[in-house]
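Structures given as structure tokens follow.
The following pair of complexes shares a single chain, chain A, combined with chain B in the former and chain C in the latter.
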Partner chain A sequence: MFKNSLLSLLLIFFSFFSNCQNSSSVKALEIIKKVDNNMFADTQIMDSKMIVYGKRKSRTIRSKGYSKGAYKNYTEYLSPEREKGTKMLKLDNRLWIYSPSTDRIIQLSGHLLRQSVMGSDLSYEDMMEEQKLSEIYYCNILGEESIQNRNCWKLELVAKKEDVSYHKRILYIDQSWFVPLKSELYAKSGELLKRTTFNEIKKIQNRWYPTKINFKDVLKSGKGTDFIVLEVLFNPPIRNDFFLKSILKK
Partner chain B sequence: MLELKLSLKNLLGAKLRTFLNVFVLSISFVIIILLNSLMDGWDAQAKRDSIAWEYGNGHLLHKNYDPLDPFSILDGHGSIPKEVNNLTPILVHQATIYPQGRIMSISMKGGFPKNTFIKVPLKKVLNTNYKYPAVIGKRMAESTKLSIGDEVLIRWRDKNGTYDADRITIVDVFDSDVPTVDTGQLWLDLNTLWQMTGLKNEASFFIANTSYKPSVLQDWKFKSQESLLKIITDLVNQKKYQQGIIYFLLMSIALLAIFDTQVLSIFRRQKEIGTLIALGMTRFRVIKLFTLEGSLYSFFSLLLGGVYGFPLFYFLSLNGFPVPPADQKIGIAIGDFIYPVYGFNLVFGTILTVLISATIVSFLPAKKISKLNPVLALKGKLQ
Partner chain C sequence: MINFLIKGILRDRTKSLIPICVITIGVSITVFMAGFVKGVMSDFVSTTAKLDSGHLKIMTKPYYENKDQIPNDLAILNLSMLTRTLDSSFPNLKWVPRIKFGGILDVPDKNGETILQGPGIGLGIHLFDKSKGELARLSINKSLIRGSIPNSPDEIILSESFSRKLKVNPGDLVTYFGATMEGSMVFESFKMSGTVNFGNPVLDKSTFIIDFNEAQKILDMENGTGELLGFFNNDIYDDVSSLKIEKSFNASYENSSDEFAPIMVSLRNQNDLGSTIDLINTFSSIFIFIFVLAMSMVLWNTGLIGGLRRFQEFGIRLAIGESKRHVYFSLLIESFFIGLIGSSIGTFLGVSFCYYMQENGIDISAALENSAIIFPSVLKAEVTPDLFYIGFIPGLLSMVFGSSLSGRGIFRRNTANLFKELEV
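Let's look at the complex of A and B:
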């Protein structure tokens, strides 16, 4: 009799706990979907500059990027003079770079994808990963925290599949803007690999969007890389020829 | 015999002129032997070290793996076949190392510590309390500024492409003359690497021991020791061809001096030639006399070259020829010192080359004697 009541009590406790977990996950998923809606668009044109902080001096690289969905992206570098005319095309998991100085197109693969983009804290691989978080991660709310004096949810994202680059992410999502203010990317071992901070959130075309992002490879020394959005257009029409290899030599 | 006596007398009488010719030719002789012996020494040393440190008795490579192509590392591995004997597996995997906050792309190589068939001291990773003990070479230690006992963070992707990162501990730094087992590489226990990457029971290539008998295995291709060493042979031969230009120039200078001397002798000694013929010497014997004089230059040059060359060769064979550190970073097996190898073929080949070429250049001007009019020559009239 006593045994049965104890079992029932345990069952009730576990089902309550599991419900709480589920409701937390559902809410987290809703939050992440709203974040995805803010951060992703079907098409996007972005004028931006990247500030790469070196040991002695920093470099500013300006570029214009066109993207369609998660798998098509074309970027043209506008300045400085050394990088001007360099073009990058990403189609699915393939990446090509055109360098005007050599007038050649090269496809990056293997270890070259792990090299940093123009000395920044971003690798080519990082740039190629643009899948929606809600599609590849299980989400869970860990609690609430204040980041940049704003109330945020602290979300834990754990990979649904085994082929996701970062096994775990911790995101700090602004409770009213549904924009991440801080993101931490972890290795399978739990080692923190990269930290991204999002600043200067602005309302652009009815969505909140961070216009200054700092990427930091925490394993590497230095101040990281600032990515500043100068102008962004969401869902503009983009011609298909922007995503053909022939665009690189035009 | 008379010709030999006369030739010796004439040459010794010419004193400084003879010495200069002999000296120039001896320099060529010594330099040719020295440079060739250094090349042969490098060739032998590079092959010996490459077999001991890298090649073993040959490699059995996965069909997609090419050691010279870093792009092939990602897909260049497969399950270890069951029927492998006298082979030890090596798995290659790419990683990123962060020494002192810097970032560097490297390769992790895993092998069985007790059974690598090569000299990489992987046994050092056994019996340690570290999670990921590793050994590195001196070049890697220099570029990463790591030493024994240091911990360093590495990041890699597992078989599914997910990032992982952890600290490895350097348990030994080995000194090898073979950069291809050292530069940008980290050696781990194969079981550790399998666990890190999830590539259990997989290998990129195998190293064969001397008992290995090549057999056909699907997805694997065997490269014999000879074919692996061909890179070194080709490189050394290429260098030898380049040095051939130097030999040619040196020999040309020396032989030109002999040729010049011979032409001058025949022009200035026409009265002597006429007298010799008048005294009953045939023209052929006179030509022989002058040719012998020229050949004796090469003989004396061998003697003189031996006087200062042998001590030099002996000294270098004991102490070696120092190789500048910059030359050791060019990616080929080369030690701190090259010990020359003086092979029979090299020494006697060079001696014969010098003797024959000196004889030929002496004979060419001497041919003119056959056309001299002995009466006019005796009168001292120039012809």
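Let's look at the complex of A and C:
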């Protein structure tokens, strides 16, 4: 009699616990989907500048990027003079870089995509990341915290598959804007690789969007790299030839 | 009498052959081992100095703290002024700048698109300024496997294994893709002039060499360098002097407020080389000491056995009227000559074998394939003056010492009992 009661209690406890877990995951997924709706669009054109803070001096690099879906991305560098005319095209997991000085197209793939872009704290993968978080990560709510004086959910995202840039992410999502305010990016080993801070959140085309992001590679010294969005268009029509290799030498 | 004793040693081989063989073997092994350990150690120091550390190296302080990342954004930027100061302050040293840089070498097809690529470590050295002596220092001419050394700044040399990996041949184009010291993208095409084998697995894996001035140009390092290496004019590392120079140079920048002030590091103080050298030296000294001690005991024992074996001979010599003192000293002189012959042959053989190993060596490159330290891939001995006495003296003295102990029995012999002892 006593044994049966204990068993029932345990069953109730475990089903309650797993229900809580499930409901937490479901809620987390809902949050992440809302974040995806803010952060990603079917097509996007972005005019941006990147400020790389070096030990001796800082550099500002301006670029214009076009993206379509998760796997097509084209970027053209506009300034400074040294970078002007450099173009990058990413299709699936391959990246081509065109250098006007040598008139060559160099293809990067695999681990080379994890190298720093122009001495910044961003890798080529970071630059061209377009996959929705809800599609590639399992998510879970860890709690609530205040970031930049705003109420945030603290979410843990763990990769569903192997070939993602970061195996785990801890995101702090603003509870009313559904935009991340801070994130920590981890390797599969559990080592913290990068910290990202999202600032100057603005309402653009009916969605909240961070227009200043600081990337900090924790393995590097310095104060990181600022990525500043000067102008962004969501879901504009983009010609298909922007995502063909022939665009690079045009 | 000496002639008589020498004739005795040569004619009566029963009393000299085995001791001479034992001394020869012992001395030759001691001499060879000492020469081999010295050779490996000196090669290790010399290879490290030439390829990486110099006898002294100058970097900026932040570069030194992050040197494993090759942080060229923290490089020395007042190279010509610094070199002038160093030349006047330390005239016994020659200063050569080198730029190390990482990046990707990319091989294009006829349309300029990537066929193959691989990450490599670039080395910018003075290829065309002969006064810097870099070609000789890095033995580029001797190490050339295919093609030739660059004739113009737009040419590049690759390590043989890297060129095989990229499937490029002399005359082919390769593009360097990397970053300037400030982080801007660099694309620069070079013609591969030839390939070299450094004889060091770390460098042979993926190294490429371009001219220093070209490296300065493409990496935006005008009047700058990552590292400034100092070599003594006689090309021999002097530990005591280098530590003094290091101390005096660093003292002059001790109170500098410049974040990028230079710092000098001697070979000993780079990458724990000092403790490695001390440890290897200590172990090799202990090893040689134990070996010399063991050999001395064997030879002493040979002397003892020789003395005891000749118990009957000494009895007869005493019986026919030779004095005990004369028998004893003739035994010592005999031992001295046996030691002299054995030690001379042993030293000759040991030094000859050392010389052979100095010229040929043992190739251990297969065992060092995945090594991360700069270590010579061919272990070579070195013939040094001390090899001529390191085995010779113990070989000579231990035989005399053994005979002097065993010969003491001569003075205990009683002339009255000699005929009984000899059973005449």
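FYI, the second predicted complex is superposed on the first by the 245 of 250 C-alpha atoms of A that agree within 3 Å, B and C clash if a C-alpha of one lies under 4 Å from a C-alpha of the other, contacts with A are read in each partner's own complex, and residues count from 1 in each chain.
In this section, a contact is a pair of C-beta atoms (placed from the backbone, for glycine too) under 8 Å apart; a residue touches a chain by one contact, two chains touch by 3 or more.
Treat the numbers as computed from the prediction; the structure is a model and nothing was measured.
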Item checked: Simultaneous placement of chain C and chain B on chain A, clash or fit -> clash
Note to self: Under the stated touch criterion, which partner chain does A:204 make contact with: chain B (first), chain C (second), both, or neither?
What the structure shows: neither
Next item on the list: Identify the partner contact of A:162: answer first if only chain B is touched, second if only chain C is, both if each is, neither if none is.
Entry: first
Margin query: One more residue to check, A:217. First (chain B), second (chain C), both or neither?
Written below: first
Check: Where does A:147 make contact in the superposed view: on chain B (first), on chain C (second), on both, or on neither?
Finding: neither
Margin query: Per the contact definition in the header, classify A:55: touching chain B only (first), chain C only (second), both, or neither.
Written below: second
Checklist line | Which of chain B and chain C A:105 touches, first, second, both or neither | finding: second
Next item on the list: Please indicate which partner A:91 is in contact with in the superposed arrangement: first for chain B, second for chain C, both, or neither.
Entry: neither
Notebook entry, point to check: Between chain B (first) and chain C (second), which does A:82 come into contact with in this model arrangement: first, second, both, or neither?
Noted result: second
Next item on the list: Considering only touches as defined above, state whether A:191 meets chain B (first), chain C (second), both or neither.
Entry: first
Check: After superposition on chain A, which segment of chain C among 200-208, 308-316 or 326-334 overlaps with chain B?
Finding: 200-208
Item checked: Doubly contacted chain A residues - partners chain C and chain B -> 116, 221
Next item on the list: Spell out the residues on chain B that touch chain A in their complex, using ranges where they run on.
Entry: 70-71, 73-74, 94, 96, 98, 100-103, 105, 153, 155, 157-158, 160-166
Next item on the list: Over in the complex, which chain C residues touch chain A? Could you list them?
Entry: 62, 66, 73-74, 104, 106, 108, 112-114, 117, 119, 175, 177, 179-180, 182-185, 187-189, 260
Check: What residues of chain A sit close enough to touch chain C in their complex?
Finding: 52, 54-57, 59, 80, 82-83, 86, 97, 99, 101-108, 112, 116, 118-120, 221
Checklist line | Residues on chain A engaged by chain B in the complex (per definition of touch) | finding: 109-111, 114-116, 159, 161-167, 185, 187-189, 191, 193, 217, 219-222
